[in-house]
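Structures given as structure tokens follow.
Presented sequentially are two complexes of chain A, the first with chain B as partner and the second with chain C.
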Partner chain A sequence: MIIAIVLIFLLSNDPSRTIYYFFIGPFTNRYYLGNLLNSAIPLVFSGLGIAVAFSSSAFNLGGEGQVYAGALVTTAVCLALPNANGLAGGIAAIIAGTAVGGILAGISGYFKMKWNADLLISSFLISAAAVLIVNFFITGPMDDPASSLLSTPKIADQYRLLRIFKPSKLDISILFALLAAVAVYSFMYHTRRGYEMRMCGLNPEFARYGGVNTKTYVVLPMVLSGALHGLGGGLVVTGTHHMALKEFTFGVGWNGIAVALIAKNHPLGVIPAALFFAYLEAGAKAAMLHSDVTFEIASIIQSVIFYLVTAQAIFSFVRNKGRENA
Partner chain B sequence: MSFLDMREICKYYPESDVIANDHVNLSVEKNEIHAIIGENGAGKTTLMNILYGLERADSGKIFLDDREIMIKSPRDAVHLGIGMVHQHFKLIRPFTVAENVTLGIEQRKLGLLVDKRDAVELTRKVIDDFGFNLDPKARIDDLTVGQMQQVEIVKILYRKADILILDEPTSVLAEQQVRKLFETLESLTRTGKTVIIISHKLDEVMSISDRVTVMRKGRHTAVRVTSEVDEKELSRLMVGKGVTFRFERPAVTPGETVLAPHDVSALEKRSHRPLLDGVSLAVRAGEIVGVTGVAGNGLGELEEVVTGLRKVDSGRIEHRGRDVTNASSYFLREEGMAYVPADRLRRGASLASTVLENIIISNRRSFVSRGFFRLKKMDKFGRDLLRHYSIDADLDAPMGTLSGGSIQKIILSRELSAQSDFIMFSDPTWGLDVAAAEYIYTKILECRRNRAAILLISNDIDEVLGIADTLMIMHRGRVVGVFDNDGTLTKESIGEYILGLRNDFKGDAGNDGQATIWRSDGNSRGADDNAGNSDDHRDRSDFSPE
Partner chain C sequence: MSGDFSLPVVHNAVGIMAPFLLAAVGGLFTELAGMLNIALEGLMLIGAFSSVVFASATGSLFLGVLFGILSSVLIAYLFGFVSLKLKANVFISGLATNLLASGLTVVLAFKLFGSKGVIQFPDAPRLPVLSIPALQRVPLLGDLFIGHNVLVYFSWIFLVLAAVVIYKTPFGLRIRATGHDSSTVESVGLKPSRYQMEAILVSGFACGAAGSMLTLNLQAFVPNITSGRGWIALVVIYLGNKKPLGILIASFVFGCAESISNYAQGFINIPADFILAFPYIITVIAMVGYSAVRHYRAKKV
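Right after this comes the complex of A and B.
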């Protein structure tokens, strides 16, 4: 924190104003606050996705592609059914997006089970390819000729989620995010499969010894992780943008990893972690708009704070590990 | 003042609320072999971890050569000439033996590149000098527990420390290797080195040490010149009461055969060297079959094959007449198997998980109703289990914060709670103190009384001799002897088989890999040492305890 303030003093001509907007700015009006909360939603989903994967020692680096593909498929289903019932069609669209995310990550899990392919690499590569394919659809076959944006047409009104904090973009999907965190938590800590999955992650030898089918738990956490990413992508479309724009989910996948790290892979910890991350982002934006710092400087300050917090999280994680091994 | 002086060392673990060291003093003279003995949880390992810089003392001072020293990390300790062989191995598993041994002090080419060939050569030299049987190029992952321990010792010898700390170094070594190790330690003291050895084994302490410090419940209770005390006095100082090493084995007539591997072979993956070579045995209800041998001769593989963790390449395994060859460990557990593994910290427990999560691994399904764990039921089960086995642990504490003895007690309680008909014990008392070991023997005998079929695989001859009804000896993956443990067997005669010095057991058909099939066809008879014949296996009503 102090380092961040020092940085602001060094880099800004009007430090007090910058500090004010950076740290207090997001809370000054409904619009900023609502958007802060809204931008936390996809982070909760990708953070949960990563938490599920990491706590099972499945490493999903393909969050980017999974969110993006989930968003596209949700949009596509909505566009294909312009006159369907809002609830039924919306659910179908979201499920389709979720499934695509799950499949993308599940492929990596299957490769790992079948040929012991490295999850980090396969999930990353598959995701990278998925991003390009989605770009092709958004700028090619699904591009909206009436719009100057590189985007698909807007989805029909009945699919758009209720805005609950006008004038901001915050919609009811924040409730889904909270529900998802609770659901993931219950699954991991209150069900047999969740327990087996965590044991496989912490100590596969122990799990095997206890009669757990460890092969299942190579694929399952990846599928769940991808599905959560896809779900997050779908809700961004129906909640916030109402269409798929080129690279509009950019960074969510990677930031999800950061969120999960801060949360120490605990599903309920993902919520404050995502809010914190979104708060930093909102602060940086507010500071940019209201004082003299540029985008780059705001980003630098944001990342310094972020590094310090994550380093601490990682440090205590490593220390705990060290103690366990002692 | 002594060569090494630890004064008023205190260490408190807030997580588990344990005072591990309570104003402990230790003084070690130069060139002596100083033993530290005490029960599990007495604080011996903590004290040595502090000396080696793995833990920081809350208070207290350390003097070396009359100078106060600060040891903040193992790096400092190594710098000061202090090296440690840990009870729980600290090896990097995907690395080779040579890489582990030379890690951190590698010979470098051009100041940057690690010279692998040099590392292998230097490691090989140490291995040869001290008579170990290791391949410097082997991966740690492929080694057995016994071999890993050897690597640890080679590692410390390679580092040429002045003060060597050995935490339970002999527990997995064979008799002959122990003797060799002791010779090594003695020759080391002659060349000016100082050795601190942690041990539970009184006879070893008596034979190797010059002086001995006794610890109990975090305090030092006595320092003695070894030649002036006897085992009885030491054990009294250790546990506060005399310890008996005899086990009363009430006569039990064995019932039907519960588990029977027939002619089982397992090959090493790459070299196709047989790890198990035509092994047959039969464990009957109410009987303890003890299998012994030196680590690396197929004991670990037998353990894995029988418990479904390793596939057999040929042969058949039957459970109550049903074919369970290559069945999964889940299936075997459903069939009624319980298993207390040798590798407690990696296989038997998940150290990063809580005690409760460790307790429920084998019966996790019984807590599920309508899709969710009944947490209250689970908690109650855990609490009852801990109380029943008088284990002092918190259900929410990470398993890794407990002492080795407590971890083994939790594993034992978990495995015995299931009322299984077949129980596999592998090195159940390794590294435990006398009282904890005795407790475990009591439990094993209780299982025997409850007519469970028990397979006890152990590197400790005393253990097998003390408790097993039938004794089986393995050498190079083959059964080289099966004896009725009728009290006439001696450690020496078994030792000859274990070390492969004798191969005259008639049940073994020799070098053609043919199996020692006994009981299944009734034609197997022991060698001269075997007082009985095959009929004795069926009728043991005349069996009398020692």
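Right after this comes the complex of A and C.
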């Protein structure tokens, strides 16, 4: 925090204004606050997806491709059914996007189960290929010729989720995000399957001796993880953008990993972690619009905060200091 | 494919692969020391920026590359300090390093040159190209290996050096031991974090050189000029099975893919995205196939 403020003093000609907008800006009006909450939604989903994988015995480095592919497929289904019933068609589209995410990650899980192929590598590579292929569809066959953006046409009105906090882009999918976190939490901590999954993560040998079929628990967490990513991607389309743009979910997959790590892989911890991430992003945008700093400076400040956020040494140092004083 | 078409493609591939090779060999050290180094991208970007700026300011190619490497090592030190001394999560501090690099380069570019877009450095010295006319006439060899810039040859030397260091020196052994089981290193009275830090600095060195190649070739800096090359270097490490020879082959594969996609845009009607996706798909198939073979072999025994 102090370092961030020092940086702002160094880089800005009007530091107090910059500091104000960076830290307080996101809360000054409905538009900023709503958009802050809105940008946390995909992070909640990818954070949950990663938390599920990491707290089991699975590793998913392919979130980037899973979110992007989920978003594309959801868009494609919506575009293919321009006149369908909003609810039924919308659910079908979201399910399709979720399924694609699940399949992409599930492939890695299957290879791991069948032949012990490294999950980190295969999920990362499959996702990297998926990103390029999605790029191809968005800039090629599905490109909207009427628009100068590298994007698909907009989806029909009946698929667009209700905006609940105008004029911001916040829509009802924030409720889905909260529900998803609670659902993942209850599954992981209050069902037998969830318990067995976590047991495989903590100690696979112990789980195997306890009669758990450890092999299934490689595929299941991967599918769940990919599905959550795909779902997040789908909701970004129906909730926020109403179309798929080239690389519009860029970074969600990687940031989801950071969110899950900050949350220590706890599903409910993912919500504040995602909000924290979104807050930094929103602060950067507000500071950029209202003072003389650029978005890039904001990203430097963001990076400093990330450096320190998981720095355990600092926390324990502060804690020890506190104890000495007490 | 006719001979006069495929040779320039492969010749270009040999040039294109060099930054992947350098960054991947640097990343190999951190990988062997047991850290997933996702900061390769950011370190390359820092090297790319400062090398061209210093080369243009000093008029010396050597100083440019040197400063490119130094600034990348400096940021690598910061990354290592936060990860090892402050015990931050390596993944998050790596992500932060990439953010820092992309922000810092643009901010500095704007402060120094008043532009956030492409910045030309026409007065920056060009990377000298090795040309040996006598050897160039040798078929195949001359076509493929002669006529690249000096950093391409540097990347080969660096690969060989790295292989020697990793497998033949106590330092390399300790790095590998740290990644394999850090408690063994501790049990003989050595500090694993010291070797991890040194591995990070080596990756900074290599990424600095890799980055300087990108900008010095162009005599220009473009924001985020690395455009994912650091990530590909990470893939190259895995694809190469964390071995120097494997990394050489893997970066050649990526070099070819990029080179073919550059050429194909003018010739064949295959979208570039598909060609670029190709190495990933092949790698997955190769990796899974390899695992399957190993799996069935283990079963037979």
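Odds and ends about this structure:
Everything below uses one rule, namely that the second predicted complex is superposed on the first by the 311 of 326 C-alpha atoms of A that agree within 3 Å, B and C clash if a C-alpha of one lies under 4 Å from a C-alpha of the other, contacts with A are read in each partner's own complex, and residues count from 1 in each chain.
Throughout what follows, contacts are C-beta pairs under 8 Å (C-beta built on N, C-alpha and C of every residue); 3 or more make two chains touch, one makes a residue touch a chain.
If you're wondering where the values come from, they're calculated on a predicted model, not measured in any experiment.
Chain A is touched at more residues by one of its partners, and among chain B and chain C that partner is C.
In the overlay built on the shared chain, the residue A:210 is in contact with chain B alone; chain C does not reach it.
Of the two partner chains placed by superposition, only chain C is touched by A:302; chain B is not. Of the two partner chains placed around the shared chain by superposition, chain B is the only one that A:202 touches, whereas chain C remains out of contact. Of the two partner chains, chain B is the only one touched by A:191; chain C is not.
Look at A:167: by the touch rule set out above, it reaches neither chain B nor chain C. In the superposition on chain A, A:122 makes contact with chain C only, not with chain B. For the contact definition in use here, the chain B contact set and the chain C contact set of chain A share no residue.
Chain B makes touch with chain A in their complex at residues 49, 54-55, 90, 307, 309, 328-334, 339, 341, 343, 346-353, 357, 360-362, 364-365, 367-368, 371-373, 375, 398, 400-401. Here chain A touches chain C in the complex through residues 11, 111, 114-118, 120-122, 124-126, 128-129, 132-133, 135-136, 139-140, 254-255, 257-258, 261-262, 294, 296-300, 302-304, 306-314, going by the rule given at the top.
Here chain A touches chain B in the complex through residues 186, 190-192, 195-196, 198-199, 202-203, 205-213, 321, 323-326, going by the rule given at the top.
Listed in rising order, the residues of chain C touching chain A in the complex are 36, 38, 82, 85-89, 91-93, 95-97, 99-100, 102-104, 106-107, 110, 116, 231, 234-235, 238-239, 271, 273-274, 276-277, 280-281, 283-284, 287-288, 291-292, 294-295.
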